[in-house]
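Going by the order they are written in, the chains are A, B, C, D and E; count residues from 1 in each one.
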Amino acid sequence: MIAAEQPHLLLPQGEPQAGGRRSGRPQYLEVRNLRVVFDGFTAVDGVNLDVTQGDLRFLIGPNGAGKTTIIDAMTGLVPATGSVNHTGIEILGRKVHQIAKLGVGRTFQTASVFENLSVLQNLDIAAGARRRPLELLRRGRGTDPAVDEALEIIGLERLASKQAGTLAHGQKQWLEIGMLLVQNSELLLLDEPIAGMSQDERAQTGELLRRIGANRITLVIEHDMDFVREYATSVTVLAAGKVLSEGSVAQVQADPRVQEVYLGTTPAKGH
Amino acid sequence: MELLIGQMFAGLSLGSVLLLAALGLSLTFGQMGVINMAHGEFIMAGAYTAFVVQQTLGSAGASLLVSLPAAFLVGGTMGLILEELLLKRMYHRPLDTLLVTFGVSLILQQVARDIFGAPSVDVRVPAWLQGNVELLGAPIPLTRLFILALALTCLAALALLLKATPLGRRIRAVVVNRDLAESSGISSRRTDQLTFFVGSGLAGIAGVAVTLIGSTSPYLGPNYIVDAFLVVVAGGIGQIKGAAIAAFALGVLQSVFEFSTTASIGKVLILAAIVIFLQVRPQGIFTLKTRSLA
Amino acid sequence: AVLAGCGSQIADPAAAGQPSGGTDSCVDTSGDSIKIGFLNSLSGTMAISETTVFDSLTLAAEEINADGGVLGKQLEVISEDGASEPTKFAERAGKLIQQDCTAAVFGGWTSSSRKAMLPVFESNNALLFYPVQYEGLESSENIFYTGATTNQQIIPALDYLAEQGTKTIFLVGSDYVFPRTANKIINAYAEAHGMEIVGEEYTPLGSTEFSTIVNKVRDSGADAVFNTLNGDSNVAFFRQYTSVGLTPDTMPVVSVSIAEEEVPGIGLENIEGQLTAWDYYQTLDTPANTAFVSAFKDKYGADRVTSDPMEAAYTSLYLWKEMVEKAGSFDVDKVQDAADGVSFEAPEGTVTVNGENNHITKTPRIGKITSDGLIETVWEAPEAVEPDPYLENYDWASGLS
Amino acid sequence: MSTDTVRSTTGGFAARLSSVRQSRAGVLAGFAAAAVLLLVAAPALLPVFSLGLFGKFLCFAIVAVGIGLAWGRGGMLTLGQGVFFGLGAYIMAMHMKLADAALFGGSGVPDFMALYGTGTVPGWWEPFRSPVVTVLAVVLVPGLVALVLGLAIFKRRVKGAYFAILSQALAAAFAVLLIGQQATTGGSNGLSGFRSFFGFDLADPANKRMLYLLTAVVLLLVVAAARQLMHSRFGELLVAVRDQEERVRFLGYDPATVKTVVYVLAAVMAGVAGALFVPLVGIISPADVGVTPSIAFLIGVAIGGRSTVLGPVLGALGVAIAQTSLASSFPSFWVYFQGLLFVLVIGFLPGGLASLPAVLGRLRRKRNDDGGAARESGPPTSAPPVPPAVPPAPAVSAVASPLATVPAAKELRP
Amino acid sequence: MLEIKDLKAGYGRTEVLHGVSVTVPDDAVASVLGHNGAGKSTLLRAVVGIIKPTAGSILFNGEDIAGLRPHQRVARGLAYVPQGQQSFGPLTTLENLRLVADGRKRGKALVDEALDMFPALKPLLARRAGLLSGGQRQQLAIARALITEPTLLILDEPTEGIQPNVVAEIEQTIMNLASRSGMRVLLVEQHIGFALRAADTYYVLAAGRVSSSGRGGASAAETVRTAMLI
């Protein structure tokens, strides 16, 4: 669909790999002693996390372990203590929109798009946060090439002018990923991005993550272990607000504590 | 001293009137999200109910007691009709309900004028509420005491209804998610109707109360509506106890401001106080936290 | 085109703003009828009061027509709604003058409606008859004031209180021009007459919360209260006044804006025995009044009452008739010239137009609210009082204007 | 605009995104026609009195354009535009009072101050002696007040019904404040009795015509600006903020800024309208700025179609004309009529008259499949509140496109 | 038990289901599979009554329920767990459960039984549902549905967002209920494994039509995969 002469803006070459790709000076995410307390209940309890550019890090753990809360804290939605360092910049304590401007993008566990705008307009707005004020006042004439490309990548070209509110659950999730792409986020925080997708759609999404993750810092929350096995380059297991285990997929799967609290003693094979 | 006590009581008493006017709103606005500008006219309907009952029964004492349930029914029924004819199709556009019900309030004022005439009518205060008791030398009007007691009773009844009864749970559930409530086996229509009936019925009761201290005229509603909404907003939407605290706080504050400045400046100061307060607590005294965008 | 549209700049301030040749009257006097305008609030908060004025104006017009009209021409009434908004009054006045070409306009109630209309009548050189007691300090060539000015209502009321031995007064009023100006005058009067004003409080129009004010009043221990509250606030005020145990005996209230039609709404038990100050009451025993009251009740029902503004409005139409017939013309300038000295046997007694200030002579009366809900005269001026809108004849008032 | 995008499946995204362009010529033609009507035909045909009246209606239309932006597009139900209208109007009125006093009075003190006040001009009036300061203040004061209020309110995420009620209370307080300061604001009388406008004699019909033309030009400019804004990326952003304010933050925008910008714009429009209103009508009083007039501003907007460009203008004019012609002949009927308008239009035609063709079309289609009863409780929560707007018939689309709607806001429940 | 015939339904002008027929026999569990946007959720919404079908019939125990409102269908034995972990946010976990238990004879006992089935909810009873994690909310939603003692349980992707060992438990719970209490299940599920293990009958939905159907069981997996690839 993309014309050959069009450069790929959003998709880098190469694949993510464990520990990240360390060519040049890589970007990184460094979380130190992150703590979130709600009315006396500690949801995130001193979490440390290191993710490097090019790594596809999965965050797994029991329901209520605090995974979403970590993302909430990193994007400024809930107050937290500790430190979250994105390639040298402390992002904790800033406002939501400032954090987004620093290149941190996220999706939501319940897909959330602008229901009254078309798919195309959703992407156009996502692409526009960095536009100068005057540019905002002009009509959205010629679309961003990045928007065109994102539309193609997420496979919604045919629905470009459809109202986003009428998309199916999974389509909205793709749209959200597309919005992250055009937003040019360097740090992607994805909360269960494949929930509600069919097997082959999961595979497509996985491939997509692999492609876009190669030059980004990517943190994915997911419960589908088949998917984790297939696409994770490294995994962090969270339980009761603390990091329980960290390593490659094989390593954490073999960890008896992970089996006990999360996988089940007899890991369900491909449920 | 005498004056101080008088003023303290004036504040409480003003608060109790505000609370009565706002209680129903904290149901229909706070729980259901309907911004019912005709609530003031439901109060007016309650006041005229007291008038009609008094004309029919003659005795002011008995008629006051009959008026309370009667006005509850009248206000409630008007609310039901409004809900059925208009609001039921508007639950997903709360701001629009404000304008629609503003239209309804215009119509109801004119209807009242056409039925009862423009001048205010006389609802007599029963003999047992005339006069006052002395508290350390300050006269405490019996009518005001009655209204205070009435407001507290309604408050307790409503709080109990919401917190401790199945209907209360339903009311709170339906407003969050009608489809989910329906498919959980709850008749959202029935619940909406009941909620609106009770909320509007409370306006009727407030109407009876205000006949004891003010005028009963077609233009009674607008006197209360803005203040009543402010109470609900300052209290935190959907928060009965917030509304109660806000009502009494505003009542006392207003009587302090009014005492130390003038009634007009007092009104402006009250508003300034609310705006400043919302800077500190944008969602009112009590808020329900919810997570992220869920 | 836009530049060409520019009109005159003001070079000579003295000449500007005066009706120029361009605003020639368009009043049509050729037929056997003549148009007049009634401009009252038929909707909005003031409709309560102003519809009663409209009713009595209508009665007067019918009577005049039945009696052969004015200069032989039948009155053709064009009625407009001021909707209780000053802006609306200004706009509708413009319509009645410029579009309907009426020979005179009758109506207005609040001071703000009058102030809004004044420039319209002046710049079009048209006539307004304004029938309500007001705060004075005004006189316009183009307005005839048939309600009381302050020296025909407020000052007599103060004189009466002084005569009763009142030393301290508490002032309560609605927050608008009439009460505030009236109270300024009262303050000056008090100072000159050794009375003390122990409190002065205003509430927004329509306010129904009087706990604080009533507490202050009671605490002040004043000899009397001077009440310039308007409309429904009176109901709330008197209910709350009695509920803290204040009575006409302990602390009488003199009201200047409560007329016969307001008494039932306040509730007799709350106001019986309190005082009012007006120039007319329904209970007046004059032949003209007997005729007026019975004509009014015949037309509108036996349960209706008549009041001072209604009487002043009724009178205003007759006064205009007298002026026109004296001038022999509907022309505004000629009517103005003829106005001085025109008199009419009004229900309140004989009234005479003062051509100096376009007000009329009136007889101040203090009334007491009786057990049948009407107002009986307890004191009246020995003779009609000349209007003195600027209080020029009162030394103590010299600082006021 | 999303409406006509639906059909063009070819032609690249650019064309789709700015599909409104296709009707550009039509829009220009329409604009020109409106200009001729307002600037040439009306002054030629209407007598001076009616022209002045019409000028006043145009002032309401200017306010309406701002409300259309703030409410229709931005979802901010502002029940307090009377405040900004009043600020503009009072500033202009103060200047005219001072100018008149200097020209005619000699003393330089406005007449009412001598009557009710101290007989001296208070300090805060003084700046408005200057025509330049006045003109600037008419724009800046409402804008600044809106800026401060907007930041205070929106930064703290006060929105939806909270905002509506707060703005209404502001209007009430503003009126009470004006009434209370009789010595310096004229109290309930307001300010009136003006004779000159920047040195032009107000009694001269030629000057009245000029004032009217000025108002008409301002309206045309305001409409053009609003249209540009709505069709810009900012316009889309505004809709996004309206529908899902929280989500917008995560894209790196601060919704409070977006909302404040529009709120300020609407306030400036109201202020300018107020300033034009005063010389046209000859009076400004608290009764023109309180709760009731503020809500009255909304009715035309709702009737015309709140989220369109022209809807608010036509609605405001239509209501004003209807009121003038009906209210005086049938005062109590008018109250019913006005109430019913609110009820019927907002209850049953939330898109206003602009959406009438689409709604009728939908009704026609619906007639065949009218059965069952299951959907009484409204659309599923995930659905947009108003069914997606229907593309107008091709023949109409060029003409109707300025009225094309973005479906009404999905207002977040408080 | 449930017989859906030639059902057409959609949103506004867009038709999503173009004549779908699906049957849940009296003694069986039926699974519906299909891609994103195929119309699975739409089908369930029509069965529950949240949207109104434009054509076709829905027979439940022989009665056409197409004209009934959702709560009336629930009263006849339907229960529904929608997609997306929905719950009543401002109500506490316990209130969420009591809400559906209200007015039932065994209300109190039913709440206890549900809590035994989802022990993870026990420490959360006083927390408002809006504050729960996604997986916690989903368990709450299923518990709520079970309290109505349905004869037909309708589940829209019930294991979405739930940790693996709990998924296994839920799967077990549902299958136990189906076999022991005679409750029937209509299941929309993306995990082909679970969907087929549980199902006696399966349907594949593609673009609003049934593209294939047959007997469930692990052996059907290959057929279904191929059917879904087209």
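Convention: a residue touches a chain if its C-beta (ideal position, glycine included) is under 8 Å from a C-beta of that chain, and two chains touch if they have at least 3 such contacts.
Computed from a prediction, not measured in an experiment: that's the story for all the values here.
The chains that touch chain B as well as chain C are D. Ranked by how far their CA centres sit from the centre of chain B, the chains are topped by A.
Looking at which of C-D and A-D shares more C-beta pairs in contact, the answer is the pair C-D. Comparing the centres of all chains, each the average of its CA atoms, the largest separation from chain D belongs to E. As a whole-number value, the distance joining the C-alpha centres of chain A and chain D reads 42 Å. Mean C-alpha position of chain A lies 75 Å from that of chain C. Each chain gets a centre from the mean of its Cα atoms; for chain B and chain D, those two points are 32 Å apart. One finds 49 Å separating the Cα centroids of chain D and chain E. In chain E, 11, 49-50, 69-70, 131 are the positions where the chain touches two or more neighbouring chains simultaneously. Contacts with at least two other chains are made by residues 113, 177, 179-180, 182, 188-189, 222, 238, 262, 264, 267, 291-294 of chain B.
Of all residues in chain A, those that touch two or more other chains are 68, 109-110, 112, 166.
The touching residues of chain D, when paired with chain C in their complex, are 39-40, 43, 47-50, 52-53, 56, 103-104, 114-116, 176, 179-180, 182, 187-190, 192-196, 199-210, 213, 217, 281-285, 287-288, 327-328, 331-332, 334-335. On the side of chain B, the complex with chain E involves touching residues 166, 169-170, 172-173, 176-177, 179-189, 238, 288-291, 294. Listed in rising order, the residues of chain B touching chain C in the complex are 2-3, 6-7, 9-10, 13-14, 17, 113, 118-125, 130-132, 139, 141-144, 210, 212-217, 219-220, 222-223, 254-255, 258-259, 262-264, 267. Chain contact summary for the complex, chain B toward chain D: residues 29-30, 33, 35, 86, 88-96, 98-100, 102-107, 109-110, 113-114, 175, 177-180, 182, 188-189, 222, 226, 229-230, 233, 237-238, 262, 264-265, 267-268, 271-272, 274-275, 278-279, 282-283, 292-293.
Contacts from chain E toward chain A in the complex involve residues 11, 14, 33-38, 41, 83-85, 120, 131-136, 138-139, 157, 159-168, 171, 190-194, 225, 228-229.
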